[in-house]
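Order as written gives the chain letters A, B, C and D; numbering starts at 1 within each chain.
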Amino acid sequence: MTMRIGSRFAAQTALIPAMLIALVVYCGSTVWTVWISMTNSRMLPNNTFVGLRQYESLFGNERWIVSVQNLALFGVLFIVITLALGFLLAVLVDQRIRGEDWLRSVFLYPFSMSFIVTGLAWRWLLDPTLGIAKIAHDIGFEAVQFDWLVRQDRVIYTMLAAAVWHASGLVMAIMLAGLRGIDQEIWKATRIDGIPAWRTYIFVVVPMLKGSFATATILMATSVVRLYDLSVAMTNGGPGIASEVPAKFVMDNLFERQNIGLATAAATSMLITVIAVVAPLLYLQNRAAARAAR
Amino acid sequence: MSGVTVSAIAKAYGSLKVLQDIDLEVQPGEFTVLLGPSGCGKSTLLSAIAGLDEIDSGTVTIAGEDVTDREPSQRGIAMVFQSYALYPTMTVRGNLSFGLKVKRLPKAEIERRVGKTADMLQLTPLLDRKPGQLSGGQRQRVAIGRALVQDAKLFLFDEPLSNLDAKLRTEMRVEIKKLHKDLGMTIVYVTHDQIEAMTLATRIAVMKGGQIEQYAAPDELYERPATLFVAGFVGAPAMNFFPGTVHGGHVVIDGLSLPLDPLPLAGAVADGTKVILGVRPEHVGLADDGAQGTIVDASTDFLEPMGADTLGWFLLGRHRISCRLAPQRARSVSGLVRLALDLRHASLFDANSERRL
Amino acid sequence: MRKHAKAFSAARLGIYGFLIISALFFLLPLYVMIVTSLKGMPEVRQGNLLSLPMAPTIAAWVKAWSSACTGLSCNGISVGFFNSVKILLPSVTASIAVGAVTGYALSLWRPRGAALLFGILMAVAFVPYQVFLFPLVRMFSFVGLNSSLPGIIVVHTIFGLPTMTLIFRNYFAGIPLELMKAARVDGAGFWRIFGTIMLPMAVPIIVVAIILQVTGIWNDFIFGLVFAGRENFPMTVQLNNVVNSTQGEREYNVDMAATILTALVPLAVYFISGRWFVRGIAAGAVKG
Amino acid sequence: MFSRKYLLSCAAALALGAAGPAAAQTAEVIHWWTSGGESAAVKVFADQFAKAGGTWVDTAIAGGPNARTAAINRTIGGNPPTAMQFNTGKQFDELVENNLLADVDAVAAKQNWKGIIPPAILDAVMRNGHAYAVPINIHGQNWFFYSTAVFAKAGATEPKNWDDLFVQLDRVKAAGFIPLAFGDQKNWERNMFNTVLAGVGGAEGFTGMWGKRDQAFVKGPVFRKVAETYRRLKGYVDPASPGRNWNDSAALVIQGKAGMHIMGDWAKGEFTAAGQTAGKEYGCTVLSNGGGGYVMGGDVFAFPKPKNADVAKAQALLATTMMAPDTQIMFAQKKGSIPSRQDVDSSTLDICAQKAMKFVSDKSAQIPANELLSPPALTGAVEDIISAYWNDNSMTTDAFVAKVSSALASTL
């Protein structure tokens, strides 16, 4: 679209705040972070260059490795489960049921609460002496052992449960919006063809909701990378280091441990990983968009 | 009120040339239609005139003023879009008056103009409705109204009827034609529908591949198409084409030899020239019914009733030829027939340059 | 189902069964929080998590709101509530305004640098906020924005920018270009088109934006702690103080009441406007 | 009771703040003392400061890291509080190096700190010959607190050494109580490890590991014994300990549900707040195989460089008040610590504090705290390994030794 002087100037001017934020805050912070990660800064930044020693130390750090592994396991399961559950809920809510509004709100409300707020309730529910386990004992199931929250090999799944509870409603909302946008004639066509509803959903509807799935996946992925509150509020990384995550590693080293050299090295590593994944996707999307614009 | 002159406009997206050195002159009061298949550059040319698309080179002059570097709103134009592009959150009144408000016209003047336009287009009862509450035809009228209130020097229409059903389209066509006649404004109108073009235009510019093939009045365009493309694009049912070679004052088509004498040729054609002969279906008749022209033998292939006419398809050697027949007569046509080709109205094109000879 | 209304009743039963069980799972934490907050401490200690309060009392709520202690101050979390409101309103407005204008400029005008800017914003959507905390403190101190209401508003605008720009850009990208052309032929400029045509059209997506920002900003803890200044500490900071400090024995009922009180605003927003949320998304909010 | 006063003080602070220079004696203090005993202790400071003519503006933020995040960021950002809390040790080194803290030499000279504060504690606030913080108290970090009621029921007695400890723990366990109340969070795992390190490894081991980063010690037999003893303790904690707060663990002893709790003497604040008295409802001891072995740290307040003379005045007044003899005693009583000044009358303190005073007066019985010996980065890195070792039973002691050794060698 053309722009002659007046409007082009206005459009360019309108972008100044965003440009300023992007260049000064985002890029500036990133450059600073990368630089500090190559110094031996501790509590306060200094400029003593130490090359890649912070990175050596980072990748020799068991907690960092565990954090990254946790994030990978958590991230994959979290995205798959929220997408599946969110889609399933959306399909069921879309079956012309009673109380749809009410159910939708019930599924969506957890998203409005932060883990700073709900972490306590979850920790309590999963507490081996107070929570669900105790209730089971009280009603006579003495053999029930539910101690996943305090088991190193299971704690990550308790976080998963809380996280799925938190985000599935949002996925459901996105999927529901997608379902409502599907051409009703598709349903007529599949009924005439005698295709059972479940097959229609899997082989016809799911491919049609590609956009909704992509959106939900991106949103879930951003929340995975940023995962911090949940770990702090539910387990504080424990037991041991079993539920540590990278963002918490960064945060702890940044402030509590006064080791910002290491913290920025960790942040830079995360950033590079993200860019390595996001950049090609953006490029592809851009190219597709350019092609569509022709 | 005034005309438009477009000279040497060019535009390219990368290596794709969308407009190639276009020259076009629209006289004041003229109704010019830009006609062509999709992708021919007609909408881009319209956008260039409107100032909505940047051009690489060339100039646009409206009413004698060079407007090449002006904002669309400063060119004295009004425009009607294919999707109508009505502002969905505004009422009909809001849509009509928005441009006038932007131009800071006095309130009374705005009301006067909106009222007048609404009356003219029978929009008065709809003034307080939003576009979502209107039918397709009503929206179309609002879109035209929005252009009319502007008192513009030049009206641009970008396929304004293509979203309407067939009946409405015919009605609106008549209405637009009437508006042009009554108001006498200058119009540049884009369409891919040749019937629309033929019925509305005072002059048609047929475009292909970013170039204007021919710019002429509808009759001339129909009767003396300048290129093979124009000949094929204009006219329904389409013109019959036969490739052949010129030999001794005849054009030889697969052993069939037709004389060149009756053809309205611009000059002599050298022997051996590869040519394409074009004959419109209405210039083919049944010799047995007394049709005049060059007689050839053919066999009946099939018949295609079209209401007012029936289109008869015959095999002429390896070629198929169509012929406009009266429906009653067509019912008894079968087997071998003798066709009369009225070559006085035929066109001859150079097979290489595809230009009229 | 709209599509095949005559489904078997057994299948319907299964659908309702699954939905009800899911609803229970989703409601469980909220239920536990509410019943606990209505119990007295002796009952909390002895009873089980799920039992209804035998003698419901709102004492814990009153205490959480007006007299729970953190350090020397025993004013409950009510002070923080008003601070949060004070932060919330301008922050939501500013972040949505900047996001909407940026999204509009990016999608419908595509000025120079648009692709680059959008790329940066997309990448930043994936970066943990913590990475920016320290440099931002430095920058803010340089321009004198630290520990102030304007400071925290700017911070929320900065971190709301990627998401807000994304949803507005996607929404505006779905608007026919001809509408823009028509407006320009009518003589409207950048701001006029934005104000009189685009913004009124964007109401569904503005609702989505408001919901996202209200919940995000209300729930923020770390930015409030670092950037707001002690006079403006939001409710979450006080909630942390109440929940993570104890005066002798842990008062779970007060903790839970404080937690619910803190969550009340976003909860209300969701329960009231949940239907708008789905509609807004359906209107093209989030198309990836 | 506080609330009205607090409101008034807030109002006063705001009013004075608005009036500008008149806000001479207002001090905003950031700290993380929010539990029962802690906030009672802070109130002593606030009240004494008010008596001295100042106005205390309280910024309590639960959780040390949260409070330090806010304090450090505000200091760097040019809007520092009047005073901020630190643990004694290296936490504020870089603030000094970057010239962000004001010294309190004048107060130190006037009150003759050199003569009345134990050298180990005084050294911890001195940098380049200047005092940069007020050492308000001394904490012992490796106390054993036990419920006399539970011990009586179980037939257990105060443990005399580390071998005896396990005998007593077994008795408590057999009687059906939780033997060892534990708030299983990373820093308390480290503190418990340090207790074992001091008790089994002695002062040489403790300073060898944290201070000198002595590889030979860490790879030697004594350290191995420390590690094994530490792990043995795990058999005596209850399954719900992970994630529990330390004061909730102390509460288990207070309520008679658990027999023993290993914690710094600040835990006494919780006992006191619950109306219990040392020597009656609960007992206390320090266990060291070599005798002595008192791990000694403390709390300090540091003063960011003042922006104007009024703030400087308030800081001086605050420092003076905090170190005044009566404040010191009253504070120590509430907090559970002992005064950093040795010239005050300690007869009003409880018997645990009396024991502590003895350790403090005997240099050979002291071990400087972890924070005094190692920077937070190293402490944190080793803490992660200790935590993993405690929680992961599959980690061998050999692996543990190897990891600690490499962390000591590689942390910058």
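By definition in this document, a contact is a pair of C-beta atoms (placed from the backbone, for glycine too) under 8 Å apart; a residue touches a chain by one contact, two chains touch by 3 or more.
The shown structure was predicted, so the numbers you read here are calculated from the model rather than taken from an experiment.
Trainee: Using the touch definition from the top, what's the fewest steps needed to get from chain B to chain D?
Mentor: 2
Trainee: Considering only mean CA positions as chain centres, point out the chain farthest from chain D.
Mentor: Max centre-to-centre separation from chain D belongs to B.
Trainee: Cα centroid separation between chain A and chain B, in whole Å?
Mentor: Whole-Å distance between the two chain centres: 56.
Trainee: Mind checking the centre-to-centre distance between chain A and chain D? Centres are C-alpha means, answer in whole Å.
Mentor: About 37 Å, centre to centre.
Trainee: At what distance in angstrom does the C-alpha mean of chain C lie from that of chain A?
Mentor: 16
Trainee: Of all residues in chain C, which are in touch with two or more distinct other chains?
Mentor: 133-134, 181, 184, 240, 243
Trainee: Going by the touch rule set out above, which residues of chain D reach two or more other chains?
Mentor: 69, 76
Trainee: Out of chain B, which residues touch more than one other chain, so two or more?
Mentor: 52, 71, in rising order.
Trainee: Okay, in this complex, where on chain D does chain C touch?
Mentor: So the residues of chain D in touch with chain C come to 2-3, 6-7, 14, 28, 31, 33-36, 38-39, 42-43, 46, 56-63, 66, 69-70, 73-74, 76-79, 81, 245, 247-248, 251, 270, 273-274.
Trainee: Where on chain A does chain D make contact in their complex?
Mentor: Touch list, chain A to chain D: 40, 42-44, 50, 53-54, 56-57, 60-63, 123, 127-130, 147, 149-150, 152, 234-242, 252-253, 255-259, 261-262.
Trainee: Per the contact definition, I'd like the list of chain C residues that touch chain D in the complex.
Mentor: Listed in rising order, the residues of chain C that touch chain D are 67, 69-75, 133-134, 137-138, 140-141, 144, 146-147, 222, 225-226, 229-231, 237, 240-241, 243-250.
Trainee: Could you please specify the touching residues of chain C with respect to chain A in the complex?
Mentor: Listed in rising order, the residues are 1-5, 7, 12, 15-16, 18-19, 22-23, 25-30, 32-33, 48-50, 98, 101-102, 104-106, 108-115, 117, 119-136, 139, 157-158, 161, 165, 177, 180-181, 184, 189-191, 215, 219-221, 236, 239-240, 243, 252, 255-256, 259, 262-263, 266-267, 269-271, 274-275, 277-279, 281-282, 285-288.
Trainee: Which stretch or stretches of chain B touch chain C in the complex?
Mentor: Touching chain C from chain B are residues 47, 50, 52, 71-74, 77-79, 81-83, 85-90, 98-99, 102-103, 146, 150, 158.
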